[in-house]
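Quick one: structure below, then a few questions.
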Amino acid sequence: MSNFKEWAKTPPLGWNSWDCFGAAVNEKQLKENADYMAENLKQYGWQYIVCDIQWYEPNAKDNDYNNFCELEMDEYGRLLPAPNRFPSAKNGKGFKPIADYVHSLGLKFGIHIMRGVPRQAVAQNCKILNSYSTCRDIAHHFSVCSWNTDMYGLKDCEASQEYYNSIINLYASWGVDFIKCDDISVTEFRRWDNPYTADYEIEMIRKAIDGCKREIVLSLSPGPAPRANAAHLCKNANMWRLTGDFWDQWDKLYEMFDKCREWEGVSAKGNYPDCDMLPIGKLSKNGTCHGPQNRMTQFTKPEQFTLMTLWGIFKSPLMFGGNLPENDEFTLSLLTNEKYIEMHQKSFGAKQIFRDNKTVIWASNGKKRKYVAIFNIDKITRKIKADITSILMADTQYSALEIWSGEESVVKNKIACEIEPHGAKLYLIN
Amino acid sequence: MSNFKEWAKTPPLGWNSWDCFGAAVNEKQLKENADYMAENLKQYGWQYIVCDIQWYEPNAKDNDYNNFCELEMDEYGRLLPAPNRFPSAKNGKGFKPIADYVHSLGLKFGIHIMRGVPRQAVAQNCKILNSYSTCRDIAHHFSVCSWNTDMYGLKDCEASQEYYNSIINLYASWGVDFIKCDDISVTEFRRWDNPYTADYEIEMIRKAIDGCKREIVLSLSPGPAPRANAAHLCKNANMWRLTGDFWDQWDKLYEMFDKCREWEGVSAKGNYPDCDMLPIGKLSKNGTCHGPQNRMTQFTKPEQFTLMTLWGIFKSPLMFGGNLPENDEFTLSLLTNEKYIEMHQKSFGAKQIFRDNKTVIWASNGKKRKYVAIFNIDKITRKIKADITSILMADTQYSALEIWSGEESVVKNKIACEIEPHGAKLYLIN
Amino acid sequence: MSNFKEWAKTPPLGWNSWDCFGAAVNEKQLKENADYMAENLKQYGWQYIVCDIQWYEPNAKDNDYNNFCELEMDEYGRLLPAPNRFPSAKNGKGFKPIADYVHSLGLKFGIHIMRGVPRQAVAQNCKILNSYSTCRDIAHHFSVCSWNTDMYGLKDCEASQEYYNSIINLYASWGVDFIKCDDISVTEFRRWDNPYTADYEIEMIRKAIDGCKREIVLSLSPGPAPRANAAHLCKNANMWRLTGDFWDQWDKLYEMFDKCREWEGVSAKGNYPDCDMLPIGKLSKNGTCHGPQNRMTQFTKPEQFTLMTLWGIFKSPLMFGGNLPENDEFTLSLLTNEKYIEMHQKSFGAKQIFRDNKTVIWASNGKKRKYVAIFNIDKITRKIKADITSILMADTQYSALEIWSGEESVVKNKIACEIEPHGAKLYLIN
Amino acid sequence: MSNFKEWAKTPPLGWNSWDCFGAAVNEKQLKENADYMAENLKQYGWQYIVCDIQWYEPNAKDNDYNNFCELEMDEYGRLLPAPNRFPSAKNGKGFKPIADYVHSLGLKFGIHIMRGVPRQAVAQNCKILNSYSTCRDIAHHFSVCSWNTDMYGLKDCEASQEYYNSIINLYASWGVDFIKCDDISVTEFRRWDNPYTADYEIEMIRKAIDGCKREIVLSLSPGPAPRANAAHLCKNANMWRLTGDFWDQWDKLYEMFDKCREWEGVSAKGNYPDCDMLPIGKLSKNGTCHGPQNRMTQFTKPEQFTLMTLWGIFKSPLMFGGNLPENDEFTLSLLTNEKYIEMHQKSFGAKQIFRDNKTVIWASNGKKRKYVAIFNIDKITRKIKADITSILMADTQYSALEIWSGEESVVKNKIACEIEPHGAKLYLIN
């Protein structure tokens, strides 16, 4: 099989259920979003439908977790979709029927998993498929997630690999194309309030995927992944999170400028530092935490331009977080701008070329073209003159297209523009 | 009821099963040690027989823990003695028959508990006695012990107090006089590899004991208890550990000089910084870890004098760790020196008065007398002259009795002695 | 009078006596170097002839300082050229005859001064011109230079300004065009071994020059000037040193890459971070310290290309340090490359665009052109491919001229070249 | 000759001119103080009359220094008493007539010197006696005192030793018994604002004294001498300062408790950590700085008891700072308490035995006796019970004499007393 970096030649484009349905998404919702994507977004390159956390929990009903609860599980300690939420999963079919449906639309299907083995499987001392060991043998005696009680982390032993093989093979048999593995990528600080880490478990999952005979893209959460681990992450995963959960708040968006700067230059074919989902459109439909229930994004339009522009020029994976069928026209327009998608998929060499208290400027390159993103991080509308002599020939005229508005102009040495508070302009120059 | 500090007016003297039987002590062994104590030690003040960890685990067989195993437990999530190990506990009698036996000998009975609620009770979602809550409601979602898989720590909520009340009341009904609560007293570093901490759980256990109508002495483990927590510990417990587990190794004994110095001045009626058990006599009968199986202590005789002298002048609780019936004459002699016991029980104001690379000197006070302990921490036999002018009148004669040897002398300004490597002399001066 | 930044619209080009004659330069040598410059270098823009330290000391004879020695001085405590070394200075004419001579060649004349007042003037308690105060009144009681015993720093008082006025007016009357003030620009660390600092003295000298009615360029030494002081330096001086004394050693040249990176972006019209003199050609003619006596530079030819290329693209002032009349052809060729001088004088926006253990790349801009400097900091000859997509349009052809060799080529996306150990290539691209 | 530690077998008792006359003491004042001492204090052990700084400066007139001024000096760069202030010094007699006078009273004579060589001697390039070198050869080029402009520190070379020999021999020939060398003992922080340091100069002065054939006690200033240098100080000097200049302010007195604690245990025969002069009686007669001119000490009577008690039990040298002839009865009584002087001269083993926010207790030992000093550092009068069981036998009666009041009592386990704000009690117990 080819190297896993070939399985995501450009940064993934998709949808994830967390921002709109939390821990409680169901089959109908997954299919409705898939239908919408097939009809409205597929032609622009969007392809992943990802079911996020707790699909194995029958009683999940909102954005929060039920501690120590019963999970749907097979005799080998492998979690299964809760049939009351995913009816097609009955009779041990798992996610195969849903994956088949998604594939039939020309899209790909992904799921979320937690690092480790279910505590329930340890309590029941389940056998591990194709192994003489049991789940009790592989559970690490004190490696627990700090925010979810479902699992134990695994020991660094052979039987742990066998367990990971058993679950990845199951998911491959369902037709899973994308796995977002959680509680695994924060490894710098082994501290009490931030203990989720396990380099060797990342390596085991890599090995399990490489052996499963299906090209499954691997995404790691949560963030912040430590910058010092970049080489290890590039060797084992397709994408990994740069921050904790991202929501529709300006302060979190503002902080992302620092994170992108920190990870500047790491992005490469098959390896994508990940700014997290796009919390736009209709969010938090099941409510109880992470902001008001059933809201449209709290980001202003200028902030949404900033969000899309930064994620795009940085080549972060784009995972839409809202409930797609409830998109308004503006939201949809952000996802279907061809020039934007072309930049996101094909540009290279993105870097920050200017920053002060009020303005941030990034630039990247395409074939005979430059992209320049100008961000107004101030609270007032401002006129900005962006010096482009460091990236192009001085005293020379170029044509400029502002990607979001479609406005065209001629520029020399500087790009002059006016930007709303927290807003952005994105120029294609040639 | 009186203040709990009245329940241990002097530092406790007793026996604990851990050093000789590890996690696997049984009823017969408890009784044999109680018999020995009643016959040989009781008249000197020794009184506690303490059953250490894992008495609720049927399959415990040595010094190590079985991870994620089944525990003997009642319907309210309260652990019970494993009847295969403690036959008299059958039919829900718990430790009452053994406590009754110990009491019949004129001694007191103690048990070890772990902070929190059994994970097994959480998995089964047991009810809590006299509460509308269940064990699942009180388990903290990520407070776990780093070295034992039996329990979850508790949340800081009312039902947690109800659970602690339910277990302490049960133990009180059995006639328990002493509880050594483990995984609870290391609170300074909330770190991944040292996460056992819970100030509020200490307070809950204090409250449960104060409400149980039985005078139960409370001992906290493991160490190192942080020095900065001294006030909190004094307010809630009778004794607490200064270090991690202590064994018969010179380096650990050597480190205890620093610890005693650090805690100098804290000891008071009912509050005793605890240097841990005395690992002398016959140890590790069930083997597998913590040194050679079924050995006599690896401490030399001089080291045993040092051990007894330091623990004694510092007024640490004395919990003998060997299997009492296998004591040799020398070991027994260490436990039955009247002058020594009198110092341990009645002296006050102990402090280190000298320390260099080779010698440590402690002094404390009794009625019209001084105690001076001289330690040779060097590897060779050395003559030492201990200056006593800072604690007594210069140029004045005093009589001196070396407590271990019984040798008498007259001293003025200095005590001159010769001490073997790692050995000690202990003087009563008047 | 105009703002002082107008007096050095582009970075100064000149010659300084220190590297070749140390503390002992004389009138004949100054004139010989001026003659050479007028004949060979003037047409390329070179114009300053600067007489460095100790011109007021009759007995100076080499590169070292004589401690506590007698200095040539007038009744107002102002130092004068030693007539035995500068015969034209007799009868109180100072440097006026030499300055006149230099001016007659179409060049400019500069001198070195030390911060403060001569200790000799303090001992004699000289009057200050146009003041009621004396030199004893203004000497700071413990502000002394750590490497030269001639002066005391000044107190922050009005009479200190009067003293500085008196000396600057004298120098202006001689026709001085350039002052290199020493022992003044290290202000970050007020430490025992690095105590030369005095922000207020910099300001006093600025004020004295602005009031003297002559456009005198102000250069500050020694380095390292603290990066945090950039704003203060820009406000008060035309140039300031980035490091301690620079000599013909690779390790010092290597360190300059870090310094240039640190000061990147500060250079502006009239404000030039200064990498120090160019120690090439014939050096240390008077010997005793700073390397072998009367040597040709110890830099290899590749290292000399690196030196010139880095100083040039960074727009450091260029002050030639060798004895000009003894230049060989190669050395002269470095100073008379028109394309190089054009870059040095007119380029803008220099910055480092790449660095690893073996390669450093800087780029800057001119009118419809880019400059790209590629440095091989490794010990072996290496082929280097320099990516230029971040500064120019990708997939587009440009013409490239290597400035030192004159080789022309066509480049696209990358510049490929082979560079000798410690060597450099410098490209003009359009 | 004997070891220098034999020359001050007990801590020196004397008078120093600084606190009352500053830089301007004269011959008459020295003699008046000597007369007073001979008549009133000599019988209690007081013996040193010490002339402090600037005796070589003709124009000194108050407590401050004149910068860069002319000094009285011989041809070898050795400072001499200014004859206008010390008439008997005329004709090169130096301090010999005054020393003779002091000796005739049965007292000893001391002088203050500054580390190094006069800058005036360097400017004049004086020869050094018995050497081929000159003062210019030995002056360190940037070792200057931060608060006085008279001297340069010396280089670490042979001729520096010759210079120190030349001055010490001169002082010995005058009959000097005590030298207080200043600007020499702060060596821990080599910082710009605290640069006076020179371990090797201390060693040179030690060597010069040991070679001068006169027993001259050596005192080092200023403080704080670094605690880490204790061994070096003990090897080279009889006493050294623990703090900067001490004056009659409670905050400085309060801080001395910390300093004494820090240096506890260092005092030994011939080596005395020095708490500085006693600023009591009539002070600052020449005014201009260091408090109101010509005042009686600003210390309250309780504070004076604290001052005397702490200095006394700590065995600091006692150098009275007031003008002796103007003593009132209370001040004199502090200097003539026989029990107090006996403690100061003969006690040993002083240490702090208690400290909290309000109370400090020190204890030390004598022959068949203890001394206990109780300090009330609070702002209100307080009753204090001082536990003495750690230094004496518990439950045993002792007789106690309060040294300042003469009150006698019987004590057991505790000393109960009432002390005024900032006051002290001093007990002799036997």
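Residue numbering begins at 1 within each chain, and the chains themselves are lettered A, B, C and D in the order written.
The rule we apply is simple: a residue touches a chain if its C-beta (ideal position, glycine included) is under 8 Å from a C-beta of that chain, and two chains touch if they have at least 3 such contacts.
Just so you know, these numbers come straight off a predicted model, no measurement behind them.
With contact taken as defined at the outset, there is no chain that touches chain C as well as chain D.
When every chain is reduced to the mean of its CA atoms, the largest separation from chain D belongs to A. With centres taken as mean Cα positions, chain D sits 74 Å from chain A.
Chain A and chain C have Cα centroids separated by 54 Å.
In chain A, no residue touches two or more other chains. Judged by the touch criterion defined above, the protein chains form a single closed ring in which each chain touches exactly two others. Every pair of chains in contact is given here: A-B, A-C, B-D, C-D. The touching residues of chain C, when paired with chain A in their complex, are 348-349, 351, 363, 365-370, 387, 389-396, 430. Per the touch definition, chain A reaches chain B in the complex via residues 67-69, 119-120, 122-123, 125, 136, 139, 141-142, 144-149, 190-193, 195.
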